[in-house]
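Multiple structures are listed underneath, in C-alpha cells.
You will see chain A twice below: alongside chain B first, and alongside chain C after that.
Presenting the complex of A and B:
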C-alpha cells in the first residue's frame, strides 16, 4: 500500500521535475541510519551493527580529514611548500637580495639588512625549517615507529615531548586557575551582613548561601583528607556533611547530563517526524 | 606536471625514506640505555621546564610569542602523527578480521568502506567538497547525535536501578537529580505543582538554580581542588623522571 494512503507524507527522493533530490536522498539515509541505531533498544541486530560500524568508520575518516586540514596542512605541509619555493629562488638567483614575485620590496630589503650574505640567509632558512617543521615531523615519524616492535622505543621521544609539554603547562595553569583562583573565590565577605541596617532578607539569604558554600566546601575537602580517621567531634560530622554535599553535586550533575541527552533525543525525533515524515512543521 | 604536485610527491618520498632510516637507526641502537631511557627523560624535562619558564616572560616580549608558537606547532604536528597510529591499528585490526573471517567480519567491510570513502573525498576536496559535505551532514552528524541520544535510555534504566533510596546519601542524590531535571523544563513546573506543601513555598526552577549555585559549586570546587593538587604533583613526578609509566611496559 502506498505510504501516502496511510496518511504519511515522507520526504520525496525526486524533485517535481523528476530529477533526483540530493537532500531527499540524504534525509532518507539519515532517517534509516537513525532508526537503525535506535533498533538496538529492542535488541542487538544486524541493522544496528551495520550503522554502528559505519559510524566508527566515518568518524575515524572524519577525524583524519579534520586533523590533516586543520593541523597538519597549515602547520607542516603549507609552510614547507612556501619555504621550499623561496629557498629554490634564493639558491638559483645570481644576485642577492633576491627579488621574486612572492616577496614585496620591503621584505627583500629586510632580508638584505638582516642577513647580509646569501650564505647567512640560506643557513638561517635551513635552521628555521629544521627547528619549526622537520624536527617535529621526525618526532611524529618516531611515534609511528610504535607499530614496529623492534624500533618501538623511538616513540618515547615524541611521547616524552608531549607529556613534558602537558606537565609544564599543567603546573602553571592548573595552579593558577584551578587552585589559587578557586581558593580566592571561596573567600566570601560577610561585611554586608555585619553592616546591615535593619533586616534585609536579600543580604541575609546571600550570606546564608555563601556560608553554606564555604562550609560545604570545607567539609567536602575534609572528606578527601585521608591522613586521619574520620572520627571525633570535628572530622566525623564534617566528613559526613561533606558526603552529603558531594551526593547533591553528583545528583545535580546526573540531572544535567540526563537533560542534555533528552534534548538530543528530542532533536532526533524532531528530525524523524519533521524533516523525514513531514508530520511536524 | 604541476610544481606543487611534484613537490608533494617529493615530500612523501622524503618522509618515507626518513621513516625507513629512523627504523634502521632504532633497530641498531636499541641496546643503548642512554638513548632508550635517559635522553627521552631529558626531552621531557627540557620541554616541561621551557613551558614553565614561558609563563615568567611578559606576554608583550617577543620571546614569549616565539616559544608559544614553536611549542604549539610541535604539539600539533606530533599529535597529528599520533592519530595515524590509532588509525593504522583500526585498519589492520579490521583487515585481519576480514581475512581470518572472524565473527561479524562482514561489518568490518562496512567500517573500512566508510573510512576510506570519507578520507578519499575529505583529502581530495577538503571541507568544501559536495560528497564530503553529504557524508558529514547526512551520515556523520545524524549518527553521532543518535548515538549520544540513545544514552538517555540507558541512563534512565541505570538510574532506575541505582536510585532506589536505600540510604540517606542515595536519597540526597535522587532528590537533587529529580529537582534539577524538573527545574529545567516547563513540564517539570507543572509536575511540581502537584507536590503538596513544598510546591507552595518553593519554585522548582529556583530550587534547581540554588542547588547549582550553592551545593554543586561547593562539591565541584572541592573535587577540582583535590584533583588539581594531584595533577600538579603527578606533573612534577613526570618532569623529574620519577613517573615513567608512559614509556611502556618495559619500564
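Presenting the complex of A and C:
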C-alpha cells in the first residue's frame, strides 16, 4: 500500500524536476539511523550495532578532520609554510624583502632599534618561528610518545606545560570568582527584617530564603567535616540536616537530568515527525 | 489485587518504552497548549537584552554541538529574534568546534524570515568561528577580540566588518550571552570575563548543567539563566514567537506526569508484592 494512502507524506528524495534531493537523502539516512539506534529498546540487534559503529566512526573521523582544518592547519601548517617561504626569500636576497605585513612592522622596529643587519634579522626570525611554532609542535609530538612504552616519559613535558599554563590562567580567576565571590554572597544581612515596619511578606520571604541559604551552607559544610565524630548537640543534627540539603540538591539535579534527556527524545521525534514524515511543522 | 501487582512487577519494560513513545508523539501531533509560567531566571536574562539600547553589541557564544541542539538551538533562535527586534548587534563566537555551524544554521533560519529580511551579515550579526583552548580564548578576548579571531568562520578579515568597528575587547560590549553545554561556556565567562573585566554575563544552558550555575546566580555574577527546553519555551513566549521549544513543553508535561505515575506504581507494587513475599 502506498504510504500516502496511510496519510503519511515522507520527505521526498527526488525534487519536482526529477533531480536527486541531497537534503531529502540526508533526512532519510538520519531518520533510518535514528530508528536503528532506537531499535535497541526492543533488543540488541544488527541494525543497532551498525548504527552505533557508524556513529562512533563518523564522529571520530569528523573530529579528526575538524581538528586538522580548524586548529592544526591555520595555527601551525599554514604559518610555517608562509614563514618558510619568507625565510627562503631572506637568505637568498641581499636586501630585506617584505612578504607579509607583520614582517614589515617587525623589520621597521628592528631597524629603528639598530638591529638591522641581515644576520640579526635572520636570527630573530628563526627564533620567533621556533618559539611560536616549532617548539609547541615538538611538545605536541612528544604527547604522542605515550604509545611507545620506552619513550612514554617524554609525554610528561607537554603535560607539565599544559598543567602549568592552565593553572597559571585559571587559579587566580577561579579563586576570585568561585571562592571569594561565593563567600561574599553567603554574607547576608537580616537588617531589613529587623527594621521592618509592619508586615512585609517580601522582606520576610527574602530573609527566610537567606536564612535557609546560610543554615544549609553551614550544615552541608559540617557534613564534610571529618575531624570529629558527627554526634552531640551541634555536629549530629547539623550533619543530618546537611545530608538533607545534599539529598534535595541531588533530587533537583536528577529532575533536571530527566528533563534534559526527555528534551533530547523530543528533539529526535520532532525531526522524525517533522522533517522526515512531515506530520508536524 | 496481588495478582495485578505481580503482573505489574513482572511487566516487560518495553511496554514502558512504548508508552513513552506514545506520550511523546501524541502531544506533538495534537498540541495541548499547556500554559508556561515565566521563571525569574529567564525573565532576568530577557531583561538584560531588553534593557540594551539599539545599536548595542553583545557577544553571543555558541558553546554547544548538535547533541544539545534540541534544547539550545530554539533558545539561540529566540535570543537572536529578541536581539534583531531590539536592533542589538551580535558577535557570535564559539568555544566548541561545532558551535560555528550551529550559529550559521540559526542565522540562516532567521534571515529567511521576512520579519528579519533587512538584517545583514557583518552589520547585524557576524560569526567569528572557533579557536582552540577555550580558557585562553576567553582570556584573550579581554585584550583583543580580533586578535583571537583574526578572520570570521568563512575566512574574511574580522576588522573589515562594520559590526566590529569600535569593538576591541569586552569593555566595548554591552553583555555576553553564552549558550552552554558542558564545561566551556558560562562558567568560563563568569570566572574570566565577569571577574576580571566586570562584563555582564548572562546565558542559557542545557537543563542538566543548570544547577552548576546557581551559585553564580545567587552571587549576581551571572544575571539570569535560561534553563533547558523549559527556559527556551519561556523565552519564546517572552518574544511572542512560539516555536519548537513551546511545542516540546506539552510533551515534557505529559511525559513527566507519566514518569511520576510509573515511579509511584512501581513503588506501590513493590511494597505490596514484596511485603507478601
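By our rule, the second predicted complex is superposed on the first by the 257 of 281 C-alpha atoms of A that agree within 3 Å, B and C clash if a C-alpha of one lies under 4 Å from a C-alpha of the other, contacts with A are read in each partner's own complex, and residues count from 1 in each chain.
As a working rule, contacts are C-beta pairs under 8 Å (C-beta built on N, C-alpha and C of every residue); 3 or more make two chains touch, one makes a residue touch a chain.
Treat the numbers as computed from the prediction; the structure is a model and nothing was measured.
Contacts of A:14 after superposition on the shared chain: neither chain B nor chain C is touched. Among chain B and chain C, the chain that touches a larger number of residues in chain A is B. Once the two complexes are laid over each other on the shared chain, residue contacts for A:124 go to neither chain B nor chain C. Legend: residue contacts after superposition of the two complexes on their common chain; A:264 is shown touching both chain B and chain C.
In the superposition on chain A, A:42 makes contact with chain C only, while chain B stays out of contact range. Judged by the touch definition given at the top, the superposed model places A:182 against both chain B and chain C. Of the two partner chains, both chain B and chain C are touched by A:71.
Of the two partner chains, chain B is the only one that A:56 touches; chain C does not reach it.
In the superposition on chain A, A:190 contacts neither chain B nor chain C. Within chain A, the residues touching chain B in one complex and chain C in the other are 41, 63, 67, 71, 75, 166, 169-170, 174, 178, 182, 185, 213, 249, 252-253, 256-259, 261-262, 264-265, 267-268. Within the complex formed with chain C, the residues of chain A that make contact are 41-42, 63, 66-67, 70-71, 75, 166, 169-170, 173-174, 176-178, 181-182, 184-185, 213, 249, 252-253, 256-270, 273, 279-280. By the touch criterion given at the top, residues 22, 25-27, 29-31, 33-34, 37-38, 40-41, 49-65, 67-69, 71-72, 75-77, 80-81, 84, 131-133, 135-148, 150-154, 156-172, 174-175, 178-179, 182-183, 185-186, 209, 212-214, 216-217, 220-221, 223-224, 242-259, 261-262, 264-265, 267-268, 271 of chain A touch chain B in their complex.
By the touch criterion stated above, chain C contacts chain A in their complex at residues 14, 17, 20, 24-25, 28-29, 67, 69-71, 97-98, 129-130, 132, 135-136, 139, 190-192, 194-196, 206-208, 210-211, 215-216, 218-221, 227-230, 244, 247-248, 251-252, 255-256, 259.
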